[in-house]
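First chain A sits with chain B, and in the next complex the same chain sits with chain C.
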Partner chain A sequence: MFTDEKWSSSKNWFIAAVFWIIVGMTMGLLTATKQIWPELLNNRWFTYGHVRSAHVMLVIYAWLSMAYVGSMFYMIPKLAKTKVYSEKLGNFSLVFYNIVILEGFFALLLGQTEVIEYGEFPLWVDVQLLIAIGLVGYNLFKTVGQRTEKMLYVSLWYFLGSLLWLPLTWIVGNFPARWIPSGVQQGLMGWFLGHNAIGLWMTTVGVGQIYYLLPKLTGRPLYSHQLSMIGFWAIATFYVWNGPHHLMNGPIPGWISKAGVIPSIVLLIPVWAVLANFWGTMKGSWAQTRTSVPLRFTMAGTIFYLFACLQGPLQALPSVSSVIKFTHWTVGHAHMGPFGAFSFTSFAAIYYILPKIVGREMFSKRAMEAHFWFSTVGFLVFAFSLWIAGIVQGFAWIEGVPFLQTVLMMEPYVQGRAIGGTMMYVAQFFLAWNMYKTIKMAKIEKKQQAQQQAATA
Partner chain B sequence: MERKPSAVLIVALILWTFGVAGTVILPLFDQEINSATASGELRNYPEDSAEARGREIYIQNGCQTCHTQFVRALPADTNQNLGPVSQGGDYKYDLPHLLGSNRTGPDLMWVGLKYNEDWQRQHLIDPQSTSPGTIMPSFDYLSDQELDDLVAYLMSLKPTEERLEEYKKELNNPNN
Partner chain C sequence: MKKGHEHKEADIVSDIKVEHNRVPKLLVAVFYVVAIWAIGYAIFMPGKLAVEPAAAPQENKGELIFEGTCLSCHATGAAPDLSGVAERMTEEDIKNVIKNGRNTMPAIGHIYTEKEIDLVYEYLKDYR
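And then the complex of A and B:
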């Protein structure tokens, strides 16, 4: 029933991922639009809260996670100089994972939520998703186990770590509320997941992707092996401690706050180690970003990663947090890592890997260009609208402007966000169409080749 | 280590465990967040009471995506007149917690102090009628019973009299 064709897991996870980026971003755009026309599609199933939750869960656990798994099903065996342990299991876990995501999606629309941000699926879905992640992890660990290349390239470190951390972190965050002694305790556990879904999954797999792609795309060796080790262990050491800063200035004791804030600031070290390594590798290759869309996506991704990680520690300062917490700013920040940085590197991974798998170039270079520019310009419009909005809103609250009035003040920025968001959304159709065409053309060409060979034989 | 995936995994696991110990396990032993305040006791709703059912409706309809229940000792919150600063013990029975992370709408920590039942009900059915220009969607699709329960829950979000008195005293004495 499930194919064991070479690289089929990677390809199929990518296809599913792109399907879900469209669905997930449809939910996102609907969320943005509902902030302008609150009565749009307002009913028991598509009420604002449901749509927003579905958007967050789908873009992270459906789109981005599936794109990550697709990348790993190609990059891990390549780095280990072996084949995937089981393509069949890879395809089975894909079907299973997608069924679970569908269940979660419908559960959220029906109002079943665990409330925990980044862990909103109800418990019965959480358990299944854990099994699905476990199957993927098992398959990929086994793949590393049968490696013929003994040296572990740094990307493998990141992938192995992430595949271990995600299921563990998932368990902490989704721990059943009835077994937790207090609401704030659950808040800490929930934000442990909330922050580490980003820190120990999105960031680490994404960085692993970049470490893989950069030398391939530029044809140059990695700038420093030493630096990549420092970056890895520093992320592993400090990211885990970041959860409490989400409850800053709030109902948590001072010592927990400090335990969360200090590591948040120390995170600047690994970020710098990682980026110095990326940009060191790029030395002399920047001109190539003009012609290579995957390389351009990767580098734009690293720049957004830098900004996300400059904002992050800054926001973890109690003084900055006191202005921007709870405002639109946070929403802008929350999109920079998942979209600006790591969706971009995943786009690059798809554009690099898919042609290798199907044996043909991407169908349309112009569609890739359109995908890049709509994504980038759209995101900048989107994010700057929200950042400006957040600062205006934050200071308005401090000045004691009545709340409803601050909502009315936000109108132009919320519209700007929706316009930028529309561009980001449109961009993804260029990706989906291009992928569809590439795969289809490759099939046709293979058939023709086979016919020709048959004719000449 | 560069040749041993198991070594990488073991160290990665240890570092992760440190983080869990520090930010998840240790707080379990903190009295401040694990014993209820008097106002926190008020949120210990009897099973199947109107307030408990209302809280479920609040969650099912995603109210927490736009409304925090989280008052900080900061100008942004005091100048918005949000009421007493929330303490860890206020959330002892708040499970799943409804702290929230975004104020698309105002904070609801002590919203029971601010409006009466009629206003709440009217606002849920037709938000524009009470708050012109608001971007809150209407919840007119809820049944009468559901609306009653939700209003009962919202009205229950109050501090104790003593806590309120204390807060008012502090407000009148800004040097304190």
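And then the complex of A and C:
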């Protein structure tokens, strides 16, 4: 029933991922549009709260996670110099995972939610998703288990770590909260998931992708083994403590607050170590970003990663937090890592891996360029609108400007965000169309070759 | 991995060359600064903003409550305009409506103290 064709898992996970980025970003654009025209699609399925949480959950657990699994199903066997343990299981887990995501999507539209950021799916979906992640992890660990390369390349440390950390944070964030006393404890548990879904899944797999892509795309050696070690172990040690900074200035004990602030700043160590490693590797290769779209996506991703991780630690400080908390600023920041940094590296991974799997170049270079520029410019318009809005809003609240007035002040910024968002959205259609064409052309070409061979034989 | 980072021979892992360049000095300096800051912060800082126990009395509290709460409906057309309301209703009636609500207006008495409701009334008296 499920194919065990070589690299089919990787390819199919990518296809599903791109399907979901379109659905997920449709939800995102709808959220943004509702802030301009609140009456739009105002029925019981598509209320603001339903649509927003569906957007968040889909882009993270459907688009980004599937793109990650797709790249891991290619990169892990390549690095381990073996084949995927079971392509059949890979394809089965894909179908299962998609059914679970679909269930979660409809559950959210129906109004079932757990009200945990990045963990909004209800319990019955959470359990299934955990099983699906487990299946993927099992398959990939088995793949590494049968490796013929003795040493583990950096990317593998990150991938294997992430495949253990994701289930861990998922369990802690979703399950115990219903049995412990409600209130701030639940908030802390929820933010354990909320922040570690970013830090020990999105960041770490994304960084692993870059470690793989950079030497391959530039043909240059990786800059420093020591920096790789510092980056990996520092993030593995400190990231897990970041949750409390989301409850900054809230009703949490001072020591928990500090236990959240300090690791947030200490995170500068792994981030800068990793980036120094990337940019050291890039030395002398920057000109290649003019012609190679995957490399440009990767490097733009590293730059957005740097800025996300300059904002992040600062936002964790109580003084900064007191201004920007609950404002539009946060939304701009929250998009920089998942979209600007790691969706970009996933785009690069797709553009690098897909041609290798189907055996032909991407169908259209122009579409790749359009994808890059619409994504980048769109994101910048989107993000700067929100950042300016957030600062204006934050200080207006401190000044005591009546709330309704601060809402009306946001009008131009909210419109700017929707315009940028539309560009980001349009960009993804170039990706989807290009992928579709590439796969279709590859099939046609293979058929023609076979016919020619048959004719000449 | 090979022991001893002094000699700069690169390893080859999964066909990818991995070099052993030294960590840039600037980065090492940053690591130390961050580490020292972290220890200092842990020992000397409270970890959240110090909030003054009693907020300074606000002269215009009645106005603030009126604009922040009442106008959310009474300025948007969702509820009647309140200009000159003190001429149409008695003090007692107005305070009663604020506390217990009327028609579609919810009761908000439990959010505010007696003093605050007085201040809102004071403001309403001159609101035209």
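One rule holds in what follows: the second predicted complex is superposed on the first by the 454 of 457 C-alpha atoms of A that agree within 3 Å, B and C clash if a C-alpha of one lies under 4 Å from a C-alpha of the other, contacts with A are read in each partner's own complex, and residues count from 1 in each chain.
The criterion applied here is as follows: a residue touches a chain if its C-beta (ideal position, glycine included) is under 8 Å from a C-beta of that chain, and two chains touch if they have at least 3 such contacts.
For clarity, every value in this text was computed on a predicted model and none was experimentally measured.
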Clash or fit (per the criteria above) of chain B with chain C on chain A: clash
Chain B versus chain C as contact partner of A:Gly284, first or second or both or neither: neither
Partner chain in contact with A:Gly400 - chain B first, chain C second, else both or neither: both
Which of chain B and chain C A:Gly243 touches, first, second, both or neither: first
Which superposed partner A:Ser322 touches (first chain B, second chain C, both, neither): both
Touching partner for A:Leu268 - first (chain B), second (chain C), both, neither: second
Residues of chain A touched, compared between chain B and chain C (which is higher): B
Overlapping contact positions on chain A, where the chain C interface meets the chain B interface: 151-152, 249, 322, 400, 403-404
Partner chain A, residues of chain B touching it in the complex: 2-5, 8-9, 11-13, 15-16, 18-20, 22-24, 26-28, 30, 32-34, 59-66, 68, 70, 72-77, 79-81, 86-106, 127, 131, 133-139, 141
For the chain A and chain B complex, residues of the former touching the latter: 34-36, 38-39, 42-44, 47-50, 52-53, 111-117, 141, 144-145, 150-152, 156-157, 160-161, 164-165, 168-169, 172, 177-178, 180-190, 192, 196, 200, 233, 236-237, 239-241, 243-244, 246-247, 249-253, 256, 259-260, 322-323, 326-327, 330-331, 394, 397-400, 403-404, 407-408, 414
Chain C residues touching chain A - in the complex, by the definition given at the top: 1, 5, 10-11, 13-14, 16-24, 27, 30-31, 34-35, 37-38, 41-42, 45-49, 64, 67-68, 71-72, 75-76
Residues on chain A engaged by chain C in the complex (per definition of touch): 78-81, 149, 151-154, 215-216, 221-228, 230, 248-249, 254-255, 257-258, 261-262, 265-266, 268-269, 272-273, 276, 280, 318-319, 322, 400, 402-405
